[in-house]
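In the two complexes below, subunit A is the common chain; its partner is subunit B in one and subunit C in the other.
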Partner chain A sequence: MLPRMHETVRRAGWRGVLGLLVFCVSGAVAAAPPPAVLRLSIASEPPTLDWSLATDNVSITVIENLMEGLTAFDDQLRPMPAVASRWDVSPDGLTYTFHLRDDVRWTDGRPVTARDFEYGWKRLLNPATGAEYAYFLYDLVNAYEYNSGRLTDASQVGVTAVDDTTLRVQLKKPIVYFPSITAFVVTFPQRRDLIERYGRRWTDPGRLVTNGPFTLADWRHEYKVVLRANPAYAWGRPSIDEVRMYVINDRSTALTLYETGDLDLVPLPPEAIPFYERSPEFVRVPILRGYYYGFNVTTPPFDDPRVRQAFALAIDKSEFPALLKGGELPTNSWIPAGMFAYNPAVGLAYDPAAARARLAEAGYPAGRGFPAVTAAYNTDPVNTVIAENLQAQWKRTLGVAIAIDNQEWKVYLKRLQTQPPPLYRLGWGADYPDPDNFMALFTSQSGNNHSRWSNAGYDALIARAASTGDPAQRQRLYDDAQRILTEQDVPIIPLFVASQNYLIKPSLHGLRLNAMELLTLKEVSIR
Partner chain B sequence: MSGPMNRLAPAVVLMIDRLVWSLPVLWLVATMTFVLMHLAPGGPFDKDKTLPPEITANIEAKYHLDEPVARQYARYLGQLVRGDLGPSYKYADRDVGEIIAEAFPVSIQLGAAAFALTVLLGVGGGMLAAWRPGSWIDRGALLSATLGFSLPSFVVGVLLILVLAHQAHWFPPALWEGPRYIVLPALTLALGPAAYVARLTRASLIDVAAQEYVRVGRAKGLPPGVIWLSYLLKAGLPPVVTILGPMLAVLVTGSFVVEYLFSIPGMGRFFITAVTNRDYPLIMGVTLVYAVVIVAANLIVDLLYGWLDPRMRVGSERGR
Partner chain C sequence: MGTGGKHHRLALISGVVLGVIGLAAAAAPWLAPYPFDAQDPGRLLQSPGVDHWLGTDRLGRDLLSRLIYGARVSMTLGVSSAVIATLLGIAYGLASGYLGGRTDNLLMRLLDVIYALPDLLLIILLTIVLGRGLTGMIAALSLVSWVTVARLVRGEVLRLKSADYLDAARALGAGHLRIVLVHLLPMMLGPLLVTLSFRIPAAILAESTLSFVGIGLAPPTPSWGGMANDGWAALRFYPHVIIVPSVAIAVTILTFNILGDYLNDRLNPRRASIAGRESSA
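After this line comes the complex of A and B, so read on.
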C-alpha cells in the first residue's frame, strides 16, 4: 500500500503539490458554499427554444423557467398578474387592456415593454414564421386574416402597444378565458433587435435574452440544457443556482441515475410504480390529459347513436387503474377533474343491462348480426392494454367481436385525417386550463374532431360558454354540452384522465407540480 | 518500377477508382431514400393536435413542401451538391449539417472504443481458442462467444448497468461526461461484434493451421512465434479484416439502443427518431453519412487486404 502511495506522489510531482496548495488557499479565502444545483431529466431534446415555434411539453417546460408572460398560473391554475400588474376588460368584452409593470427587465438590462409583446404576437402570426400555434391568437381582430395571407398589413392586427407599459388587445368575440391564453409561452414577449440580428439562431446560449427566473447557460443538443439563476429577476432571484436538465429518453435509465444519486427528480416509468408507491419520495399529480375512444359516426354500425351508447355503457372503467398502475382516474365525463366545469355526474356509467338493451334496440340483440369492425390505435404498450381490455369487455357484455389494429403514430394520424377508422383511440392534453380547450375539440369546425360528428346545438353552447363570464351560468352551459357529447350523441367515450408520477429527493423543497405538466422551478430550494 | 512505388501505385489506383464509383452510389442512396421517405404515410407536421389548414400551408411554404415532389427532389440534389443538407423540420433552429456535426463525433468516440474492444476481445479470444482446439479454453471462449452473440445489446446493457454501476458503483450508469462514461456503453456495443469476430478468427486460424505448408513448417521445427506470425495470422486474418470494415462503419455511426440506454448524444438515435418524426432532411443526412462511412470502410479494407495478401492486390489483378 505504502510504496504505491509513494509512487503516486512521485508521479503527481510538483504539479500535484501546487494544486493542493492552491486548493487549500482558495478554500480558506472563499469558503463559499457549493452552488445549489438541481439535476433532473427531460424526456427529449427540446425541439426549439423559440417560443413562437415551441409546441411540445419539453420545450415549453424549459421556456416557462426562462420567461415571464403577461399572466401566470397559480396553484389552482387561475391566471394571475405577472408582467402585467393588472388588466381591464371593456364592457362589451372585446377589448383587453394590459397594464405592465415597469420594473421587469431583460437579462441584458433593457426594460420589458408592451412593444416586445406586440412584436412577439405579430411574429407568431406572420405567415413566414410558420408557427404551428399561431391559431392561439386567432380570436384577435384580423389575426386569422394576417396569418392566412388574406391581409398583409400587420398593423391592422388587434394588438397595439399604446405606450411602453400599456398593451391593448382587440378581440373578434368576447373570450372570458383570454388571461389564460396570455399565460402560454407563444404569447411571451420577444426582442425584435436580437431576432433580426441573429436570425433563427437567436435562441443559442450567449445570445438568448430572457426575463424570467433563470437564464440559458448552456445547451448541449441531445444531452443537456443548463439554466442559471437570474440575479435581476423582478420577483427575486431563485434560491437554486443552477438547473441541469439531462435529456434522458429512457425512463429506466433516469430511474437508475436517481438511485445512484445523479438526479434529484425523475418521472417514474409505470412498471416501476408498484415498487415505489409507498416511498416518501413518491409524488402523484393528476394532469389535464384525457384518454378517449372515438367513433366514426358517418359509417354503420356507429352511425346509430344507440350503438354508440351501448358501447359506452358496456365499459367497466374501474378495471383500468389495476391494469395501468399509473394513477389513472376513470371518467365518464369529458372535462377533466381539476378544471373549471368538471362534473362527475355527467356521462354514461357502467350499466351492462342498459348496454345490452340499447344494442338490441338498434337491431343487434345479444350482438347477433353485428358487422365486423376494427378498433384502431397507435402502437404503444398502454394503448394495447386498453384495446385488449375493451375488446374483452365488449365481447363479454355485448356479445360483439371487435378486431383491434395498431399503426405507427404518423401513419395513424394520417389515417385519422383522411379516413377515420370506425373506432379509434386518441388523447388530449390541455393547452390552457379552461374547459373551452377540451370542449371546442368536438365542434363541427374543429380539425381535431375525427369522429366527423356535427351538432349545431353543441356548437352554439360552446360558443356561448366561451363568452359567458358568470361562473354558474357558464357551468350550466358546459353541463348541457357535456350531456350531448357523452350521454346523448356519444361521438366519443371518455375513458380516463392521466396522472404524473415522480420520485423527488427529500432535500428538495418548494417544487410546484401542476396539472398542466409544467415544472415550475423558481421556488425550489435544496436543504 | 522500384519496390515502394510498385506497392503504392495500385493503392492509389484503387482509391481513385473507388472515389469515382462512390458518386453514383451516393446518388442512388440519396434518390432511393428520397422516394421511400415520401412514400411513407404521414408527414413531418402531422401531430396529435391537427393544425388549421392555413397554418399547415404556411409551414409547407416555409420548407418548400408545397412544391411538386420532382421540384423538391431537384432542390434537394442542388443543395446536396453544394454540401448543404438543409434545415431540420423537427429541430426548428438547426440545420442537419450542424446536428450531424455535433452528434457524429460522439458516435465516433464511442464507436472507436467499441471497435478497439471488438478487435481485442474478438481476435484475442479467437486466437486463444484456436491455440488448443477442443481444450477447455476453446470451449470456454466458444461459450462466451455464443452468449455474447445471442444476447441483444439492450439485455447486455441493462445487465452491465445493474451489476457494474448500480450495485458495484465502478462506473456511472449513464450520461457522457468523461472517459469513465465510455466503458459500459462501449462494452455493450462491442460484445456482439466481438463474439462474431472471435468465432470467425478461430475458424479461420484452425483452417489455416491444417494446411500442408503450416504442417511442414512445424515439422521443420520453426519456433511457434514464427508459425503464428508468418503463417497463421498472415493467412488467417484476411477474412476477419473483411468483416471488420463494415463493422467499423456500423460502430462509428452509432447505435440507437446503446445511445438510448446510456443517454449518449450520438448519431445512432437519429436513424430511428428522424424516421418516426418524418424529419426528411435529417433522414437523408444520416443515411448519406452512413453510406459515405460504409464506402470509406470498404476502401480501407481493400487497402489492408492488398497489404496482407499479395494475391488480392488490385494492380496484380489488372496486370494479367
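After this line comes the complex of A and C, so read on.
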C-alpha cells in the first residue's frame, strides 16, 4: 500500500502535496468543533437596551433573550413560573405574593432578589425615568399617583420586597391576568448599584449585567448586536454559543443574505411570499397584531356615527389576503383570533346596500355633498397598498373620494398625538396575551386612543372585565364592549389580523415562534 | 458637417417620439384600455400578456393605462412648470438687467440667496405648504427653477443693452416697453427655447424623484416616479412593474435632452460659433 501511495504523490507532483497539506490542516481544525452561531437580521438598531425605556419590537426581542422575569409564557402563552417559582393570590384578589427561586444569579455572580424587582418597578414608575410604559403598572396601589408626581414617597407604591425571595404586590382592583404582565420586559429586575454607578451607560457591553440565557457580548451601533451563551443560566446553558443580530432595514437585502447562507432566519417581504410558500423552509405564524383604521370622532363628517358605520360597512375585507399574501385574516371584530374572547360574530361585515343607506341617512346620498377628507398612514409598502385599496373601495361603494397622505413613522406618531387626522391607520400588537391589552386601548384614559372617542359605558365594561375571573361572564362583558366599539359607535374599523412569515434553515431546531412575535432563542440548537 | 447631419436625424427621431408621447398624453381617455385607478383583485402583479399588454401592478391596475395617464401628468407638469418658470425668470431678469445699478445689485443678491438653497429641499418644503396635488407640485417646481432663467435673461440683457441698434431705437424715440418687447426679447428667443427644452425634463425628473421616495403626487394620480416606487419593493420578483415606468422616464428625458442639445447648437449664437471653430480645425 505504501509504495503505491508514494507513487501517486510523485505522479501528481506538487499539487498532490499541497492537497495532502490542506487535508491535514482541515483535519486539525475539525478536531475542535466550531462554535454554534445563529445569525439573524433585526430591522433597526435597538433604540435602547434599558428595559424600563424600551417600547419597540427590536429592543424587546434583544432584551427577552438577555433577561428572565418573574414569569414567562409557555407555547400556549400561559404565564409559567420563571424567577418566581410560585405565587399566591389573596382571597380578595388584591395582593399577589411572588416566591422567588434562590438559585438565579446575575452574570456577575450576585443572586437575583426581590429587591431587584422592587427597584426595577419603582424605577419604571419614577417620573424622572420618563418611561412610556409606566402605565403598565398603574393597577398597583399608588402607582399612578407616584408616576404623575402627586405622590413623592416611593415607599407607598404597592410593591415591596418582604425579604430576598418574597415580593408582595398590592393592587387597586383585582387583575385576573396579572401574572401575564410580569412576563413583559418592563417588569424585569434591575440592579440599583450598577445603574447608580454607570448612569445612562449601564447597558453598554461589558457593563450590562443580566440574568437570562444570553449575555451581551458586543454591540456595534448600526451594524450588529452579539449575544453569547450564559454558562451560569439557572435553567441550563443554551445549546448555541453565539447569536449575531445584524441590523438590516431592507427586507429584500436580508432575503438575499439568507439565500447566500449568511443568515439562518429571515422574515419574508410580502411580494416574496408566493415564491417561497411551498418551500420546506417556509414558516407562517399567526400573530396577535390587529390592523385598523381609526376616525377622529371630534371633527365632521366623522363626528356622526352613521358616517363611520357606512365607511365600515363599505369595505370588502376579503380582498386583503390576495393583496398582502401573508396569511392575513380579515376581521370585523377587534379582539384578534388566537386570544381569549375572540368573537368573529361581532362587528360590521361587508354590506354595500346598508353602507349606502347609512350614508344617505347621514345626509350624503350617493356620497353627494361629502366634504373633502384625508386618510393618513405611515410610509410603508403594506400601508400604501391598503390605503389605495380602501380609497378605491370607498369610491366604488359610497361614491366618496378620499385623499390619502403618508408620513414617516416618527412624524406620523407625533401627529396622531397632537392633531389626529380625520382617518388614520394604526396597528396594535399584544404586550400580554389578554384581551384587556387590546380593549383598554380605546378607553377614555388610554394614551394610545387617538380617536378621541370616549364612552363611559365602554370604560365601565373594560374595568369590570379586568376583574372578572369567570371566563363565560368575562366573554360576555368583552362581547358587549366589542359591540359598542365595532358596531354601535365605530371609532375604529378593524381590518385584519396579521401573520409573520419566515424562512428558517432546516439546520435550526427548537425555535419557538409564537403569536407575541417574541424570538425565544434559548432552546434553539443547530445541527 | 457629418456630425451635424447625424444630430439632425437624432433630433428628428426625438421630436417624433416626443410627439407620440404628447399625443398619447392628450388622448389618454380614448387610448387607455382601462381606467387608471381600476383595481382588479383577481389579477394582481400579472406579467405582460394579452389582456394587459404591460401587465398589472400589486393592486391589479393595468400598467399600460397608468403609463399613458402618467404621460399626461408628466407632460402637464413638465411643460407648465417650465413655462411658468421661464416667464417668471424673464420678468425678473429683464427688470434686473434693464434697470441696472443698485436695483440690479439688490435683485441679483436676492437671487444668490435663493440659488444657494438646495432645489430638492425647497421643493419638499413648498409641497408641504402648497399641497401634494398637481397644482401644488407645478407651483413648487416653477418656484425653484425660475432662478437660472432669470440669470440667463439678465446676462443677455446686459450683453445687448449697449448694442448700437438699441441706441438707434432710443434715438428714434422708442419707449422702454417698446425696446424691451420689440428689440430685446426677440433676440433672446434662441437661448430661452434651449433653456425651456432642458427645464421640462428636469421638472419631470424632479417629480419622479419625489414620487419615487414617496413624497410626490398623492395617489391614485398615476405618476411615472410613483409607479417606479410601487415596483421597487417587488424588483426581484416582478421586475416589469419597475421596468415599464423607468423606461418611459428614461426615453422622455433622453429625447428632451437630445432635442435641447440640437436647439442649443442651432439657436445659441455663442455655442454655434464655438462649434463652428472646432469643426473647421
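In this text, the second predicted complex is superposed on the first by the 491 of 527 C-alpha atoms of A that agree within 3 Å, B and C clash if a C-alpha of one lies under 4 Å from a C-alpha of the other, contacts with A are read in each partner's own complex, and residues count from 1 in each chain.
The rule is short, and it goes like this: a contact is a pair of C-beta atoms (placed from the backbone, for glycine too) under 8 Å apart; a residue touches a chain by one contact, two chains touch by 3 or more.
From a predicted model like this one, the values you see are computed outputs, not experimental measurements.
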item	value
Side-by-side fit of subunit B and subunit C on subunit A, or clash	fit
Subunit B, subunit C and vertex subunit A (Cα centres) - angle in steps of 10°	40
Contacts of A:R415 with subunit B and subunit C, given as first, second, both or neither	first
Touch count on subunit A, higher of subunit B and subunit C	B
Touching partner for A:N389 - first (subunit B), second (subunit C), both, neither	second
First (subunit B), second (subunit C), both or neither touched by A:A345	neither
Touched partner set for A:P381, first subunit B, second subunit C, both or neither	second
Which superposed partner A:N147 touches (first subunit B, second subunit C, both, neither)	first
Touching partner for A:D405 - first (subunit B), second (subunit C), both, neither	second
Which superposed partner A:N448 touches (first subunit B, second subunit C, both, neither)	first
Closest Cα approach, subunit C to subunit B, once both complexes are overlaid on chain A (Å)	10
Set of subunit A residues, in rising order, touched by both subunit B and subunit C	252
Complex contacts: residues of subunit A adjacent to subunit C	252, 255, 269-272, 274-275, 319, 322-323, 379, 381, 384-385, 387-389, 391-392, 403-406
Interfacial residue positions of subunit C with respect to subunit A in the complex	37, 39, 41-42, 44-45, 58-59, 132, 214, 218-220, 230, 233-238
Subunit B-touching residues of subunit A, taken from the complex the two chains share	45, 47-50, 53, 55, 127-132, 134-135, 138, 144, 147-149, 200-201, 203-204, 220-223, 246-250, 252-253, 256-257, 259-260, 262, 408-415, 417, 426-428, 431, 447-448
For the subunit B and subunit A complex, residues of the former touching the latter	40-43, 45-55, 57-59, 61-63, 90-94, 99, 102-103, 158, 161, 165-166, 169, 172-176, 260-263, 265-266, 269, 276, 278
